[in-house]
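All chains are identified by letter, namely A, B, C and D, in their written order; residue positions are counted from 1 within each chain.
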């Protein structure tokens, strides 16, 4: 599942449009593509007062939305547009309080099967060296969109 | 941890204001309190086009925000206002595609210790009998706010 | 998914044999069936010095084995013998230190689809009123064994 | 949290003894230390018929025990002997069916705070290039054993 020199099956511009347009509740976050490769992704969520929670840090729901869409992008980087891929589980640990600053999501695919994709996403906060959150996300793939020749 | 006849340590009106005011990204969801008891909670998130994802169902990030704040309410129902309680982990399984309709969250406390609270939240979609998602959420409690006389 | 008066599709005796014989590493735990209904299960794991960890409590791996097999039993209570059903994920929170005593697992199905079953399992320690652990477990079902007419 | 050239705070021999002696149910697995550094660990669990499940693969409970103890070792590699550190949560995704062969666990610390340690563990099966399972594990640290000067 390691990245290769192959080009991603969706361009950064196309995936930026997916993030902006498909779900308004997520689109308003203004998440941008930093890098997108074949099975690799890095996204940036700009800081916004609307995302702050008591204590002056980025609220958990914004972090979870970021992790979730990073996995969506990872799947599309390998399979192309699969809008109907859906999250089946997301498990996140919040490790440290993020700064009221931009956050970066770095995704990694752990499995891409016929029906199921699994990856993990590490969230970083601008100005902090250590990760602020770590999520494991699974997606169910629409029939005939997953990789042939692999197990479930 | 079973509910008792004690009154909740925060009123439904107070917690409605917490949900509306503390984090704009969550406040915009317009989540309402259906019932709030001492260690029990039921919330309703109204349907909105802004929450729909491809396939015509409520997007995962809105469901996660709902589950997260339901646990916040459970904690406050037992401890009163603890704005600085923070989510330390959230693990959700999406079980069925919700209707493009209102969602209800039913929360249950599994543990309320000195430093940590754990609960689970079942999400229901108006018109569907079976739950559409199930989350387990843990919160870290500010010092001197958790229950004395219990383990971590 | 609530239990009904239907009889389980596997008897308590049959499932006791499954637990004892299929995997020696699990069989040695001597787990017994307390009750088994159609979509309900209660198991008991006897105390043993071999399961204790520093601090004098039951080690996590034994608790996880108990939670995992409780879900296996739940699936078989609805579908009959499906030895090839396999765990796809398990997420457990350890809530309190169990006594060096027998443990009970109470299982509940959250979803039983064509390909996937999801349930949660609450672990109790003899002599303690509050649960000591809570697990959410998902199983992948062999083709043509899951329930027809449901989503994934 | 990246590994450094510092020596681990427990030797490979000492941790091998911890794995063998502390919990008989885990000790019987015969898990060996492949490498142990300051914040890094690689363990090997030998194949055994006692661990096989229907389908001829290594049973989930043995994989969970391996992931759990790998995290225990990671913690001790940084803090020295802390037998009373306890697992507070473990979340595992089983990605592919392992061979009936030796398994390797590669651990990584995501956070080491005063009270809590979080890491992830990737499980590999001899002869398979892709990981067969991925776990995220949190441990609660005994007072005065965690790192000073960090958040919870």
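Just so it is clear, a residue touches a chain if its C-beta (ideal position, glycine included) is under 8 Å from a C-beta of that chain, and two chains touch if they have at least 3 such contacts.
In this text the structure is predicted, and so the values were computed from the model without any measurement.
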| item | value |
| --- | --- |
| Minimum number of chain-to-chain contact steps, subunit B to subunit D | 1 |
| Chain separated most widely from subunit B, comparing mean CA positions | D |
| Whole-Å separation of chain centres (CA-atom averages), subunit C against subunit D | 24 |
| Cα-centroid distance, subunit A relative to subunit C, in whole angstrom | 33 |
| Distance between the centres, which are taken as Cα means, of subunit D and subunit A, whole angstrom | 27 |
| Multi-partner residues of subunit B (at least 2 other chains) | 88-89, 91, 93, 97, 138 |
| In the complex, subunit C residues that touch subunit B | 1, 91, 93, 95-97, 110-111, 118, 120, 122, 130-131, 134, 136, 138, 151 |
| Subunit B residues touching subunit A - in the complex, by the definition given at the top | 22-26, 49-55, 59-62, 64-65, 68-69, 83-84, 86-94, 97 |
| Touching residues on subunit C, where the partner in the complex is subunit A | 88-89, 91, 115-116, 138, 140, 152 |
